[in-house]
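You will see chain A twice below: alongside chain B first, and alongside chain C after that.
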Partner chain A sequence: MSASAALTVVNANGRSVYERELGSSADSVDTDAHVRELIGRAALDFADARSWESSATYLRLVDRFNDADAHGYRTSGGGRFVLTLRGRLRGNAGDETIRQFFTDAHEAYAIAKMNPMRDEDEDLGEAFDRAVRESFRRRLAPLFPFARTDE
Partner chain B sequence: MADGRRRTDPAIAGARCWQGAERCSGELFALTYGALVRQILRDREDDVDATNAALERVGRSMGTRIVEEYLSRTGAGARACRSFEDACEAVAKTALKMFLGVDARTRDWSEDVDECVIEMDTNPLAEFVELPKRYEGLCYCNALCGAIRGALEAVRVRTTCAFESDPLAGNGDKFAIRIKLVEIVPEEYPFDD
Partner chain C sequence: MRRGSGSGTTTRTTLGKGKSEVASSAFALVFSELVQYHRARVRDVGELERALDEAGEMVGRRAFEAQAFRERGSGKRDHRLLPLLQFTQSVVWKNVFGRAADSLEVYDDDEYLLSDKDLLVNRFVSVPKDLGDLNCGSFAAGVVRGILCSAGFPAKVTAYSSEAGPGDESGRTTNILMKFEKEVIERERRLDGK
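Moving on to the complex of A and B:
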């Protein structure tokens, strides 16, 4: 059974500034990037809707699409993160674990935004990528059978 | 020491000045410098070489002024640098510590003692910074080279300064500046007066 996880980050202007697969099980083939994109974008609308219902930054599960779960997070500055977990995972990713992952990502996002050489709508850069992957490896990788997190 | 005066260790002098100094937030400093670099880049229409030169010039003007503060705060008169080696030690251990809070040291001295590398443990200027591909070749912290060069020039030591390793440009994992002595300008007395 294949499984994969992807993170989409959209900034306050609604531009996508980060969209990568973070990890997948060994037998998963990353052929469906467009599906991942579709799910990520679709979930954004739900994340937006959900953000009116609560003041929390972590919006929990915002969308489901076949075997994919989309978790949302909204920073107070209007940036939105969507974590898509697909396929059969080993066990359940607890809300708390995912919240911690998002908190790490938020911190890295804040730092990436401070980079004076980066324009507002540019990609978040490698330091962000590294930080997110590191957090993913620490917190969520155990959910993936034979995880392969290095792309 | 030959003249019988005890010299304070430059590292201690630096730490003392750093302690007593008026400070601003490191983040504010890093971002202000970033804004400066961006503005210069924009003015030069993303011409990397022109920007490097401009940053050097900015740094040099800072250096020629900052040396005054260095001399007054360290009371360097009592322990003047007697050689290029002393001067480099003073830059690395005292000046960088008192102005930037950076621990640095000299290494790789050439045989003639006219060239060395100043290696910095951290660099507050480069915090948060990641250089995009289109600015390859940009020497982001070039103002620092300029400042060192300007400051030394103000005390009659002409040098050349360049980054030996720059993690932002993807070489090396520490910031290191190579300083090379050009000449020590002889003191000119105003005989005509």
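Moving on to the complex of A and C:
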């Protein structure tokens, strides 16, 4: 019954600028950060390979790791998002839902990037985190059994 | 468990249209300060151009992400070279420098040239003798390099001036020369061959 989701954002330089667990079901074991990083990074290579096949930003399912699905997205400026969904979700996390989530994240990412006070390799900041969590709550949280969506 | 709706406002800032115009004199003032700031801190013309180039790169990387989102929406990006260059020449140039660049030419397989007859950053600049062949267009070269490199098309980008042709009243034409890395050319060829 356990399920969880995490988002990793890697910038054009290859630095990880955001890496958080977004939601989990009440009885899921807290995923270790290094496992999330492993899955995110492995999926990144597949996402990069997929990037040159079309002009789409949404790369769809790029990798599977045991029971975790990794979905990829690439922005014009080289930012890459990897959303991992693991475990048993209620119903199917359709492509359309995930694409909409990525769209929200993309806009928040462009806004965070415009901040002149923020160095390109720094963490994306609180506003991005809030925007992403809100989008997750609206679009993906309904799929989680007895979800805990944020702290 | 959902939080109560009174848990503070969710300030959802959107990217917005971003088409507000700025007076060119205001821009010229800021740019002039930028040049003077660096001039006081560098040892030679080369370093000054590099400083301007780096400043431009930071602008290019940031502005491109936002502009691409505004113009292309969230579904598409440029994964081929020519559309990206055309986007730079028209949309980005208009947004950053006030009007589209004049021309885009291909020289070799790996060299492209963007030309602007009246580049904004050079418009109000007259270079004193002691700064030799300084070209403030290196700021624009930095902008372009920021765009190309972040989009996945690494290249060396330089700016140089050329005299206007006969019958052309504008003064100096600024040319932005882009020389692409081998991996870019190979990838383009591979995608063409498909």
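The working rule: the second predicted complex is superposed on the first by the 150 of 151 C-alpha atoms of A that agree within 3 Å, B and C clash if a C-alpha of one lies under 4 Å from a C-alpha of the other, contacts with A are read in each partner's own complex, and residues count from 1 in each chain.
The rule is simple: a residue touches a chain if its C-beta (ideal position, glycine included) is under 8 Å from a C-beta of that chain, and two chains touch if they have at least 3 such contacts.
No experiment lies behind these values; they were computed from the predicted model shown.
**Q** Touch check for A:55: first (chain B), second (chain C), both, or neither?
**A** second
**Q** Which partner, chain B or chain C, is in contact with more residues of chain A?
**A** C
**Q** Between chain B and chain C, whom does A:75 touch in the aligned arrangement: first, second, both, or neither?
**A** So A:75 only meets chain C here.
**Q** When the two structures are overlaid on chain A, which partner does A:111 contact: first (chain B), second (chain C), both, or neither?
**A** both
**Q** Have a look at where A:103 lands relative to chain B and chain C in the superposition and call it first, second, both or neither.
**A** In the superposition, A:103 touches chain C alone.
**Q** Who does A:16 touch here: chain B (first), chain C (second), both, or neither?
**A** Neither partner.
**Q** Figure out whether A:125 sits in contact with chain B (first) or chain C (second), or with both, or with neither.
**A** It touches chain B, and chain C stays clear.
**Q** On chain A, which stretch or stretches are contacted by chain B in one complex as well as by chain C in the other?
**A** Dual-contact residues (chain A): 111, 114, 116, 127.
**Q** Note which residues of chain A are touching chain B in the complex, please.
**A** 111-112, 114-118, 122, 125-127
**Q** Please output the residues of chain B touching chain A within their complex, sorted ascending.
**A** 27, 30-31, 33-35, 37-38, 128-132, 135, 140
**Q** What part of chain A is in contact with chain C in the complex they form?
**A** It comes out as residues 12, 51-52, 54-58, 74-79, 99, 102-103, 106-107, 109-111, 113-114, 116, 120, 127, 130-131, 134, 137, 148-149.
**Q** Flag every residue of chain C that touches chain A in the complex, lowest number first.
**A** 1-2, 10, 12-15, 58, 61-66, 68-69, 72, 74-80, 149-152, 187, 191
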